[in-house]
């Protein structure tokens, strides 16, 4: 058996797409590099970081040194011309400025910050701060691909959803849309791995503080709450308010949302599961956990998948919904790649079919 | 400075109390040994284990070998005569048989199993199995010391509470008793370290399965639910049903309950905190977490303390209660020691004042 | 942009290779499934497990349920005919029997057990037990691909190396071959994640026993010692004896060998690094860690890579070699895939180019 | 049984000793607070921190808030007069200045920094920096209590040893003193939990960087090397040079040293164990691990104990010594308390008898 030959032909597309990652030194940046590197349709032609500009990727991620990439400064002349499609993984507000520049150059952008996640500027400004480019809101599509895939296709700016909203909206959206649960009394008790706090060093992320510890944080005050409420309200057609409590769990990756909702008209497990299966029929990434198994973050580590389940609490009439994702993957970078696939008209699982790394 | 002299006098009590631990090879057994060993009023005169009978404690816990204890078989002649006060740390049902023998010998017993936790045999039998000694139910007191300390004093059998009930009932009891929250819609989302599953090897407790993972288990089906409901109902004077969801967290020790309740009459944080402080005024072990700090299991590791906090969710009228304990300590063995202190008329924090081990 | 078209042509090879995994319920089995599933040249046509025969893969690995695979029993009629190339991931001795059956059917086998790792039956029998098929030793090639790639190409049986030997031999082999270090006084202090102990439940692998713990085990008595010594002796041309001490580290995956050797003739870091670079010039998987960075198991998680480094201890004349791999990947399953690539004449990194999952 | 009465009499000592902790906001400070709080002979009359001066202890350690302590600034007028015995837990160099002030006031000091650990100023200055108070070297005693307990009794300044030196010197000292092992070729491969890096936030201590990772650091360059060599040289009577390699392990506490040494005159396990038992006969804190059990950091967590073991590697003539401590306890704060006990003429295990917290 000798050397082999592969011919890959895309109608009207003779080369791979050049992609750039702005702000590639954080965890979502590293995760984008991991995913894009082996994506068959793209190349990474640019990674930027103010802090590491001019240095090899290995200075920041020694385990990725063999990829041969070098950080550039996104403010340098011509840097933003090096790619066609961009991922911006910067803190909020900083992101909006770059997105504006890129859009002005005719580039398409998937923004992983919170800057374009709301339909109303006022909601953003209430929970974050003054927005430098409100005029771009109308160009942006909320990239929860399973819900808004059609809009994503044509979008100039895709606002990649927050991790908690992704994990929470996926199980709730179809049930509210179909009127299976009450819009009142929805409680989302969410648990996240430490990588959700980013790579910055702080006392919260210190190993000895996070290890052997679980705690809630930003109780009744987390900025993902209005993001969740916007889409649940859209689903139900009326305003939905939720209780949302995030927790920090001693693990690097993974997110679980345990959601409590009041069933309407005696809706039970079967009806909910059928509704989910119908609603998510056309996506390979949402799976109702089979049999009596309950979702576990370890089932989805490193993947773009969301596993969901439901159980009934007959004595009170509650449904308990369980939803797991990898906060850095479906909660950030792999969902960004899924959005890219949608934008480019590729199959949405292109480059995303690698199974879970377990254990 | 030469050798020193300590004279300790207890009126009517010239010697230390002899205590025995039945079923000392599990984690709660080891934790009892740790606590009783440096308790100034007792000595450990007996530890038993069927599996390790005749072997030194080091065969089971090498780190405790220097204590010089040896396992005996509780069925051997005379073994149950070696102590005055007993802790039984056996699986449910197995425990009831030994407790019956001990009571027949006039011994006092603190039972860490579920066998005497319910006031009604029927509730036990519905959730566990047929009870071999229903006649002893009337002798048993539920040892949530902060609530039932007076009854504990005179009890022959103290049923040491479950870990989840301890963590959940402490914050809820005073609020229900005072009518500050609705008896409907109470949701307890609880998170436990792996030691709660015991020392037995299983796939669930395998390091690689529990590490980098969070998952719910026994959703709407955990046997601690009726135990919680009994005491909440007692507090409110009417039947209370709760939604209770336990989760497994990748840490060895620690338990957090995040509890959602509907405030009545506009009750808010101040009123709740004042109620707690008044109610738990006479115990050194329940603390309202000061300032804006939220409870963290790392604050109570290895101690008998329970730290609680409350936050408001104004848009829905919910109160969010947070409660942390060490599942093996206040959730099991140190609460058992607290009960012993009560039974013996000693200060309830005798031998329990060691601060948290952190980190 | 419409649907796309991919034409893949392999001269003389119009279909993907069918592969089978015998004993797919353990961690190395799951890792093989992960890697083979997205390998572009193969399909998984068979997975077996005595325990799970007839059940879907999800019964054992819920996170892999979406792959749609079902366990079979390798003893059932015709099962071993369902693939062309086999991976055997069974305990030692059990493995040899199946390998013999497969070879008799003309199949090619990559055996992940220890059964064919030694050149001498007597060494195997001294450290393991009586070997049921000594006649097959001559058919087997030791699959440390970087060293024996040419022999692997034509082999019927490839004995996939142990994890500790892989991690230890890679840095040492070239130095002994070139006579840069003494054959005396080589000390290998190795540290492994818990997955190295397999998926079986035991007290050692219990989360609460392995967590917050580090310990040595099988000191001066581990069966990987003779495996290491055989290949180091081959490198140096004279018998090499080592001190080998394995340790268990509270992490799921990863292996680090810290190796102490006496430099000959003033050999230092530069010479060692140059020797390594020359020797491993033709493999994409061995990398000298650049600059002052030291190898970290987190740099190679989930990959087939081995990162190595060397430092000098001038006051004693020692070289300190550091080597990291993922024990389940390069230490087992991804090396098996690399061997498959060699056997089939494909590029050795086919299907193995996915970068590290970090964090 | 009514209230009890305890009368404690110390000849010539009618009150508890007042102790102060300078630099109490770090992990060793918190550990000192934990240990001194329940020590029966002392009270904590002062804790200081520049950063937290004026704030309650709970601002820094919420789990210790109930102790009712408040930070002061050690530079404030009169602060250093509030105690008789001081623990200084500051960074090196900063510590020496305070120690000088305290000694000038006639106070006794246990210094947890490196500032007074060497007998020669020149060695300190080679490995650290210029020393501000070389004149105090003659007042300081190296507080490895088991070796220098007699000198500690009368010392004004006790230099509390480093964690790695404590863990390494204890097993090696008697063997070198008795001439059982060669002074050449001693290799110390040490593994530490993350708390050894202190409480300061850094990328190294970030949960996601330390978790699922093991790596060496400061290879052949750690400043504890000369500290170890000084005392091994003292033991053997001739200069000893070692290879010392520290590693970072994903756990909060614990330290293991795996030590390789060449046996002289056929010395084996029995002789080594007997030598250890004889040498450490008068200390309750050094234990030869019984039977075939190997030391595990989990056996000593939170205690002042050091567990040691030895195994033979016949094919090379090496002895493998294993030694575990808790890096924050015997490696820092509980050893400081042991030194205080020695200084005060109290039993050395006063306040230190609490068994291991496990799991």
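Here the chain labels run A, B, C and D in written order, and each chain numbers its own residues starting at 1.
As a working rule, a residue touches a chain if its C-beta (ideal position, glycine included) is under 8 Å from a C-beta of that chain, and two chains touch if they have at least 3 such contacts.
If you're wondering where the values come from, they're calculated on a predicted model, not measured in any experiment.
Set against the Cα centre of subunit C, the chain with the most distant centre is B.
Note on chain placement: the centre of subunit A and the centre of subunit C lie 34 Å apart, centres being C-alpha means.
Mean C-alpha positions place subunit A and subunit D at a centre distance of 46 Å.
Computed centre separation for the pair subunit C/subunit D is 41 angstrom, with centres defined by C-alpha atoms. Shown for subunit C are the residues in touch with two or more other chains, namely 27, 193, 195, 208, 211-212, 250-253, 296, 298, 301, 359. Taken together, the touching pairs cover every possible pairing of the chains. Listing the residues of subunit D that touch subunit B in their complex gives 1-2, 4-13, 27, 30, 33-34, 37-38, 56, 58, 61-67, 195, 212, 252-253, 284, 287, 289-291, 293, 296, 298-302, 305, 307, 344-346, 353-359. By the touch criterion stated above, subunit C contacts subunit B in their complex at residues 27, 193-195, 199, 201-203, 205-208, 210-212, 250-252.
Per the touch definition, subunit C reaches subunit D in the complex via residues 184-185, 187, 189, 191, 193, 208-209, 211-217, 219-220, 241-243, 245, 247, 249-254, 256, 258, 260, 294-298, 301, 311-316, 318, 320, 322, 324, 359.
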